[in-house]
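Each chain gets a letter, A, B and C, in the order it is written, and its residues are counted from 1.
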Amino acid sequence: MTKHMLLAATALTLTLGAAQAETLRWARSGDALTLDPHAQNEGPTLALMHQMMEPLVLRNPAGELEAALATDWSVSPDNPDVWTFTLREGVKFHDGADFTAEDVVFSINRALTENSDMKGIISSVASVEATGDHEVQITTKGPNPLLPAALPNILMIDKDWAEANDTVDVQDVEGGEETFASQNVNGTGPYQLVSREADVKTEMTVFDGYWGADGFAMGYSDIVYTPIQNPSTRMAALFSGEVDFIQDVPVQDLQRIESDPNLKIVSSPQNRVIFFGLNVGDTLVNGEGENPLADPAVREAMNMAINRDAIQQVVMRGQSIPAGVIMPPFVNGWNEELNTVPEGGVEAAKAKLEEAGWGDGFTVQLDCPNDRYINDEAICQAAVGMMAQIGVTVNLNAQPKAQHFPLVNGLESDFYMLGWGVPSYDSEYIFNFLYHTKEDLYGTWNGTRYSNPELDEMIKAIAAEVDLDKRDAMIAEMWEMAKSDTVYLPIHHQVLNWAMKSGVGAAVDADDQVKVKYFTAE
Amino acid sequence: MSDHQAEIETRRTPGRLARAWDSDLAYSFRHAPVAMVSAAVVLILVLSALLAPWIAPYDPFDPGSLNLMNGFTPPGQPNAFTQETFVLGTDDQGRDVFSTILFGMRISLFVGFSAVLLAMVIGVVLGLLAGYLGGWVESVIMRVADIQLTFPAILVAMLIFGIAKGITPPAYRDQMAIWVLILAIGLSDWVQFARVVRGATLVEKSRDYVQAARLVGRRPFSIMIRHILPNVLNPVLVIATISLALAIIAEATLSFLGVGAPPTKPSLGTLIRIGQGFMFSGEWWILLFPALTLLALALSINLLGDWLRDALNPRLR
Amino acid sequence: MLAYIIRRVAQSILVLLVTGFVAFSMFSFVGDPVENMLGQERTQADVDRLREQLGLDQPFVVQYGKFLQQAAQGNFGLSYRQGRPVSDILAERLPATLELAAVSGLLALMGGIGFGIFTAIRRRGVGANVIMTLSLVGVSLPTFLIGILLIYVFSVELGWLPSFGRGDVVEIGGWTTGFLTASGLKALVLPAITLGLYQMTLIMRLVRTEMLEVLRMDYIRFARARGLRERAINFRHALKNTLVPVITITGLQLGSIIAFAIITETVFQWPGVGLLFINAIQFVDIPVMAAYLMMISVMFVGINLIVDLLYFAIDPRLRIDGKAGGH
């Protein structure tokens, strides 16, 4: 009898495998919107999917590109438009099917379809074909030296599985039918889906056939993911020990977490810069008469009036890095000098404004989100005070992001807050979206009316420049141009904080993208 | 009826009414210590809110006068950077908590009083009309009341907010938020006034004196105002008192849902919404003082309402 | 009778239609769903295409017409946020809200009646006055703050009760219940108190006033004069007569409990329809907002209709009115 029980117990431990039966209870403010890997290009959605699916090339917590489903990649010496990717062998999907070149062709083509939200990231891809069981060739529209950097969020799914379950097309909300892939997963990732109730709970367990089972920390055998929206409740859940690991930690609570012997914080500069955009056009949207913001000197004065140190110390509790340029650190093109914060302070700013003929001040409306960035509303409030000190009266219009962003994109704001992350880790991405004249494919997030033909031309030129040194020189020149026009008023780079029980060994990642396979458990 | 007699009637009736009211209420009040204390608290709070510009040491609504570096100063201790001291400390923007509470209470009280007044006027008028006229007027009014009940106040607020935002010039949007709150809370609260007044009107309508007035040929409007209205005022007063406390709380709740007073001109509710974010961080004063003020205000008004309900209930005398 | 019922039902349908109309007219003010549905890299062409696909480029009257047409066939469309049928999502979320509402309603009813009787019988006692005052503290602070304070005390400091969610639930024929597990029951405590506090105060005051009035009635005085025991008078005679209005009011309050659940569910991350609705507002998930509002309307209008029809059955005077109106 006793022997029998002992045997049963041994069998149980054996089935659990090498990884110990540790469960990571993970919470953040919002849930993933879908499990369809190509339907939503959104942070929490991608973060959850990265546990279960993988790209060809992964960005690891250190921010470097790492071989995932592709072991090797190179551009053809004869034709800069053609890339060859060698695929990892012996990789299995969760349902046991083999991962082959066919699946890559299928997944990338799926990500390029009209309903895919990922097509913008890989818009440079012209075609993809299988050149062997474990080799694919990707042809780009013109040379693209940064193709691998565009791939870390393009996740691979099984072609046969998608066809068998009638989920070849990306989820299309208007189509009226829910797609199989939005609720089910068959990836190659380290964890497989156990159950999911949207907005409530998602459970995952380790995938026995994972190719990297021995290569990564893999400290946890199970993951329970719960969204907790209200910040105080989320903190309460951590303090009371109901969850082990949380994202979206309010900056004011860091001190208490640090003083708790059972908890700890892991932080890293985030891939997101926060700034104000200014309407540099001829007329104000909200207001009469001449647009003071059209004058670069006025913009410079406003730039000087922002006390970034005070915002960092008080509003952000030290959890930010004052910014002099709207580019996160570690993006290609960044340097300390560019990031120099404008000097001067209130008196100099006032003098500058006086000189520009606006010594009596003016009134402008600041549009600000109140549910998007860390302490967004409080930063805007602080800015209202700082502008008041140089005689600029600011009316604050703080509202939810769903109402804020249409103002920016519809050119309906004179003065707005925006945050920007650079998934490609290259300056081109910033210039493309924020500095180029607003057109159909370029300048889509440029809400300033700024239009500089010379800069526009260079933006198109660097996209095709294969000589990386030459390209970097061009980027440096472009930043000089952009900075001297002061279209944007940089505020700071966000700092990312993850809070967890002291036993959790988490590798924080600048994109706020959790990858539990790198986590250790104590 | 001779002219002389009529004169005596008109002179005597209101006098007697007023006396009866006064003496009964006053008697009851004198024998209700809870009511007396509550009234004193309400009086003090309302007065200090009214006199805020003169009492408050700072003007928290003037953004130019704020120094962000004063942020998070604990009560009564000098700030680490600026060495300034504040009685109840400062909030995350460096605003003096004491001054901000006084100014915030002004906004809360203004919103509360105006919203209740609005709800009362709409509710009493519609209730009288529905109860007295009956027929399709009653049907329409009571169905509109059904629709109104369907919409949670937050939705009414968001609807009005959106429309108002579309039509007000930007320079006035700060003030607009306050009026939107009044409109939203007022519009979501009139139904109970209307229901009570309608019920009371139905009862009064069948009374002899109203029938008599009808026979004499008084017009419906005049009967409603002169005869029915004074007789339904007691329940209206009780509802109004409790609604005032509710309206002040409702404003705080709307603020939590993101449709409250603007952060640059915070109400008590907005202060509590901001303060609850500092629950775990050790800056207790940002939440505690506004919350205590709101509690004192709403509790006192509610206690007064309780007392008034008993005192004005003729069946409990 | 039939004419009255038909007229009353027709009025209710009209109310529903107007509710929907008002709802659709305000959706455009909540924000633009397209901003949330497309990633950072979207182009203007993507925005226009999606807007056209969703019919957002149409005037709201057209959108409403389309919604009605589909709703008549039982199709509420797909949620913009989750990409799943709205009717499925609502069906999944409704049990959580109904269980919470039922428990807090029960709590309010029992607490309200118990304290109401006590405070009426001991009208001038110290205990009664303390209860009267304390119960007001609960309604003199906003619900969200009470919820957060309860979490702070009972979850963080004492560690007795969970701070969020429903605990473990058991699924029985499409209905998820938290009543059958220990963690499910524990998870109910704090949200139910937060939600039920206001209703309890209300019911307590109602019971107290009704009791006080009834206790002064002649037949009670007569019973007392006859030498009946106090307890018998209080419970057998007085309480019986106060319960009818109390139960009517409680029934009518059920709808407002569900509406108020929006706040409680947000604070406690309670996965019910209220939280769903708040998420829908943030994301501008129009199909979910529309379906939720219609559901709430049907509930309110339904309760009203039932109450009216019951009165009609009870009160003969209305019957005559109804006939007159029918002709």
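Here is the rule we use: a contact is a pair of C-beta atoms (placed from the backbone, for glycine too) under 8 Å apart; a residue touches a chain by one contact, two chains touch by 3 or more.
Here the structure is a predicted model, which means the values were calculated and not measured.
Chain contacts in this assembly form a complete graph, since each chain touches every other chain.
The interface holding more C-beta pairs in contact, when B-C is weighed against A-B, is B-C. A separation of 39 Å divides the Cα centre of chain A from that of chain C.
Here the CA centre of chain B is 24 Å from the CA centre of chain C. The geometric centre of chain A is 46 Å away from that of chain B, both derived from CA atoms. In chain B, the residues touching two or more other chains are 276, 279-280. Annotation for chain C: residues touching 2 or more other chains are 30, 148, 152, 156, 266, 278. Chain A has residues 232, 236, 239, 371, 400 in contact with two or more other chains. Those residues of chain A whose C-beta lies close enough to touch chain B in the complex are 231-232, 235-236, 239, 250, 252-253, 255-256, 286-287, 307, 310-311, 313-315, 363, 365, 370-371, 377-378, 381-382, 384-389, 394-400. By the touch criterion given at the top, residues 34, 139, 143, 146-147, 149-152, 154-155, 158-159, 161-163, 165-166, 245-246, 249, 252-253, 256-257, 269, 272-273, 276, 279-280, 291, 294-295, 297-299, 302-303, 306, 309-310, 313, 315-316 of chain B touch chain C in their complex.
In the complex of the two chains, the chain A residues touching chain C come out as 33-34, 36, 39-42, 114, 117-118, 120-121, 123, 171-179, 182-183, 197-201, 226-230, 232-234, 236-237, 239-242, 371, 400-403, 405-406, 409, 421, 433, 440-441, 444-445.
Contacts from chain C toward chain B in the complex involve residues 11, 14-15, 18-19, 22-23, 25-26, 28-30, 129, 132-133, 136-137, 139-145, 148, 152, 156, 205, 209, 212-213, 216, 255-256, 259-260, 262-263, 266, 278, 281, 293, 296-297, 300-301, 304.
Chain B contributes residues 62-64, 66, 68-69, 71-72, 92-94, 169-171, 173-174, 258, 262-264, 276-283 to its touches with chain A in the complex.
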